[in-house]
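Listed below are the structures to be examined.
Two complexes come next, and they have one chain in common, subunit A, joined by subunit B in the first and subunit C in the second.
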Partner chain A sequence: MLSSQTSPSRVTIPPKLASVLQVTPMALVFLALVIVPLGLIFVVSFLDYNFAQVFPELYLETWVDVLTSDLTLALYLKTFKFLIIVWAITAPLGFAIAYFLAFHLRSNWLRTLLVTAIAIPFWTSGPIRMVSWVPLLGREGVVNQALLGAGVIDEPLGWLMYSEFAVLVAYVQMLTMPMIATALNSMAKIPPSVIQAAQDAGASEWQIVRDIIFPLVRPGLAIGTIIVTTAIMGDVVMVKFMGGSQVNTVGMSIITDLNAFMYPPAAAKSILLLVVVLSIVVSLLRFADIRKELRN
Partner chain B sequence: MTKSDLPAAKRAKSPRGLSRRGLLKSGAAAAAASAFPAPMLWAQNIKDVTITHLGQSYSTIPEIEAKANEDLGFTVDMQTAPDPTTHVNRLLTQPKSVHVTDMPNTNLKYFTGRGVLMPVNVSEYKYWDQTLTLFTQGTYPDGTEASKQGMAPIKAQYWADENAQEYSLTPTDYLVGVPLYYNADTLGIRPDLIGRPIESWAELLNPEFSGRVALQDGVSIGVADAAMALEAMGEITYGDKGNMTREEIDKTIDVLTALKREGHFRSFWTNFDQSVQLMASGEVLLQSMWSPAVTEVRTRGIDCTYKGMKEGYRGWYIMMSAMNHLEGLERDCAIEYMNWMNSGWAGAFISRQGFYNSVPENVKPFMTENEWGYWYEGQPATEDILNPYGKVMEKAGVSRDGGSIWERMGNIGIWNTVMDEDRYLVRRWQDFIAA
Partner chain C sequence: MTLALKTETPPPAPAKPRQVTQSHRFDAELVAVTKRYGPGAPAVDNISLRIPRGSYCCLLGPSGCGKSTTLRMLAGHEEVSDGAILIHDQEITHAPPVARGTSMMFQDYALFPHLSALDNVAFSLKVQGVSRAERRAKAKEYLELVQMDHLAERLPSQMSGGQQQRVALARSLITRPKVLLLDEPLSALDPFLRIRMRAELKRIQKELGISFIHVTHSQDEALALADLVVVMNNAVIMQAGAAREVYETPSNAFVARFLGGHNVVQRAGGGEASVRADQCVIGARPGLRSLPGTVSMIEYQGTAVRVSVTGTDDEELTALMPTSAFFNDALELGQSVMLSWDPADEHPLA
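On to the complex of A and B.
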């Protein structure tokens, strides 16, 4: 390599061209596999349809319905409700657990062990994890049996399973882990000397958390929030099972259309969802410099 | 009208005049050729042929695949579609990746004007004469007309002509496919938890069972069940509850939405396992079910009955069709395979799961007298009834819920359906789920 660099016959590529050449393969892949299909989905959303067929005729009713119907409003309200509740639980929980793991554990192996323990439920497959909720939350499940046994209730609680409550429980169980992981990642980058300096200056633990750790962990929480947002906005599996197919969200509604072979409304709803999710992600990225977070 | 009623010339005309079997059959050799099993004629040519059969978990059964490969001179490769949507999408968008398929009646509406399915000439299918008139003419054995509410078999049994674009309500020479299995579904109930007889679909929406009933998640079956209940309650009078007008759809969804807001429905189920689990766990007291799901609940030692309601059953059937791209030997083998499917062995296998086969007289020799009596005639079992895998599923002395085949199939209130207003119905169903 060194010798070829000094060779007079070597053609030097201008740096700008080199950059272009370097991004070209990825750009082509992105164009072919993302931009072009998205364009097709966009076109399909304007076409007429019936019985698994899409006709090449302009049909604007789909968009009128998607943009003005009570259904769309209800779907987004329900989805955002889930998002806000789950975020309000997982963010403080993730932060607190990460804080404990990062600053209160002195032993490295114990930390590794506990982080692994958080991941253990995810070693099983999604469907099995979901079915396992039934013996816990079902009408004849452990929780109901315990409450009945303790005399707290007279008859089993139905709303523990196949309900919005059940969907929320499953989301929190699944999405606390990414919150912990991203917060922990940010905390691990805080130099111990900074904390020490604060302690030496007489800061209380609460002051350190509020004035030093939280601002430095905010980018991590922002990334965790992005993961929670995209997971909930795009979820169709958990909400279907835990909600007993009785809870309609943006994602579920798209699946219902697809299963009925109604592609234009599914396409229009997908595009709207994409716009909404991207807007959220873009605004969240103002709080986090992804490149900086990835650098270590 | 049966095959023998058709003019001979019309019968002999194959949609693909050059097909080998077509030529043989139309020639003077027809009688002689059909006297020998076909594999003897072309065993050398067909041994390299592979027929790909795309179906769903209930139809692509490994035991049937193995038996087909044993009986036929060519290879049968069964492939299971992961879900109904993928199944239909593959047939519509990659028809050449499939040779033969089977699908529920509710999918057939997607195949008109597509040119994807092959018309099967009546003369190519050996058992059309022995096929029940429910399929060939839309009538029960006593000659009375079967219900046409919903996607009745006669609505998608015949192509109007050899171009196979539109269905014909009157018999023609061109079959959409060969009917395989069918059944009469009803409410599965937990008698131990209900403690009184359930005789009407109206009970599905009875406030007494609020929070303890389930619906199938979808417009083909869920809405059909609900319509049976609403009509039984006198809540709504339908012109044709299997093919509602927009006004009827609105009324139906409004009533269901009000019930859902009151927490009437425990859950909606999407697949076999979910329906079993809801019933077995006691979450649900009554819900529309499939026969094998009831059997599954019972094999867990939980009492579950499946009696007919006074308004009749909800019927469905599975049709086997070949794909239109087939030619020459592959086409011959595909048709041979479809003939084999209804020649008895496979029909007996699925009958032991609680379904019926469209050519019962072929099935009879493959079942014991006890099995035939239990499954088809509604007789009390003289000895233990085994499922297809040899497991005891019913003790001697018990007879089938609902009785004989015609006590059950002869009383269909509605067929699983895809309505003309499907687009509107799916849109309103979304409102219902979101409520």
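On to the complex of A and C.
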């Protein structure tokens, strides 16, 4: 009662208008940088083209080609293969490491130190990180030298670098960290008393992991999976560098079209990729209330 | 995040002959138990306590007095630095929680958030490998005991604090503990619910005939519930005894002050004594001891009026007066008065 009359000069905005005003700046940015370019790409994918030129004429062959060619299917299968292998390694690894960090470390400073150590690769720039694989996995690299020295192999292994294997190694190295981070975030929200209550009930460590921790961490793993999915589906840099020119994926085929100035097929492939990734993300979000996970 | 699933277990103690539980003397026993977290004052300092069979025991004290640490050591969620703990006369000082025959009801209830009330209660049976139908039937019985069977399929987030607490109680009881440990179980409830729930705790304890060890910082709660009140301060036990004994004959100034309703005064022959506030009156009378002071607070409490008098040396004394006596001759703040009591009502303190 007292405060309502204290500042008559203040203009009160109706709550509805206030919400609109609060949303407007981000909406404008989103419109200009996402919706409009996407619309353009969508339009371009239906246009006719020849070398380095796009004509404003409707041409549906691009889409027919993209949607029916065996190459598209092969590229998606290859990309999904990467995704499944990388997920199958990073998810258990991320869960296990996060579990160790959250529940088996008593010292807080050691935990901080280890989490920092996990994050170190992300402080270095991408090109440096990738160049560093050469002295490790290259023909003259540490791994080959060690294997040769130990007498395990007679000549250097060629498939360690510039191969699908190299791409997988780089993906795993890069994407384990987000899995750890999202799992750790979920684990940190489990009150110690919940674990103690399970111990009181007589649950073994394995039963606690399976029946209590895993179900509670599942949303975190779902978000980690989304990160892994979007990173791999949209990647071209890693494939290009680690795979040499030996490995082709969905992203690479878009780059190839762009390099050949074939914009409509590149646009159509991009739209298709977007639809595929969004469908995966939407189905994964059923496992995670993302708002709840991002809270505190 | 600092918890360890693996409690460091020292080398197993030599096998002891199994005692017949029917003939045990004490439900729980602490023998010279100490907890140190590092150099400096211990959190629990060499305390010994025996809890007779079927007791409702309250550990009472201000925050940081060591009562929760004591409870957690009993539960096996805290290592014992020194001393021994016995449950039903068997030494379990370093045994894992499940091997002790204790169950803990946590202050935050600690229900499993992804499981329904029924599955929460059935959890201990599930990990033992009891079949689904059997464990659900059993869990239903325990939900009935705490009158929660109608909400069996609710998730914890769909229940009120009081309801979650009942489920937590059922989840503890289904393990058939020899001793139930309760960590400030009522502190998160509103006052009305708190009084109802404490009556229920007492009923269930009597019904099951096991010991409850209940940590609280509320004097009312301890006096209302406990057969054995254990007042703690600064890591030691200040006094342990029946509720009435502790309230009427506090053994030291801390207990007298902490339980409330007492004045601590200097005795004529030296030393301190406690006098119950309801045995003090305002105004000097022949045969009574009196101290002068000014009225510093008047609190109407419905059945009585609480009058605080600040003496010359800033010591505050309280008289709890019947309402009628107060309003016959109402006092005012700042008024100079005498606060008097019968020397026979003085109880000498250590």
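Everything that follows uses one rule, which is that the second predicted complex is superposed on the first by the 277 of 296 C-alpha atoms of A that agree within 3 Å, B and C clash if a C-alpha of one lies under 4 Å from a C-alpha of the other, contacts with A are read in each partner's own complex, and residues count from 1 in each chain.
Simple rule for what comes next: a residue touches a chain if its C-beta (ideal position, glycine included) is under 8 Å from a C-beta of that chain, and two chains touch if they have at least 3 such contacts.
Keep in mind the model is a prediction, meaning the values are calculated, not measured.
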Worksheet item: When the two structures are overlaid on chain A, which partner does A:253 contact: first (subunit B), second (subunit C), both, or neither?
Response: first
Worksheet item: Looking at the overlay, does A:197 come into contact with subunit B only (first), subunit C only (second), both, or neither?
Response: second
Item to complete: Answer with first, second, both or neither: which of subunit B and subunit C does A:103 touch in the superposed model?
Response: second
Discussion item. Just checking: does A:51 make contact with subunit B only, subunit C only, both, or neither of them? Give me first, second, both or neither.
Written reply: first
Item to complete: With the two complexes superposed on chain A, say which partner A:134 touches: subunit B (first), subunit C (second), both, or neither.
Response: first
Worksheet item: Within the complex, which stretch of subunit B touches subunit A?
Response: 84-85, 88-89, 92, 109-110, 112-114, 211, 214, 217-219, 260, 263, 265-270, 277, 281-283, 418, 422-423, 426-427, 429-431, 433-434
Item to complete: Enumerate the contact residues on subunit A facing subunit C in the complex.
Response: 102-104, 106, 108, 111, 187-188, 191-205, 207-208, 211-212, 215-216
Worksheet item: Of all residues in subunit C, which touch subunit A in the complex?
Response: 1-6, 75, 77, 96-98, 102-104, 106-108, 110-114, 123-124, 126-128, 168, 171-172, 175
Discussion item. Considering only the defined contacts, which subunit A positions touch subunit B in the complex?
Written reply: 49-53, 65, 70-71, 74-75, 78, 131, 134, 138-140, 158, 161-162, 240, 244-248, 252-253, 256-262, 265
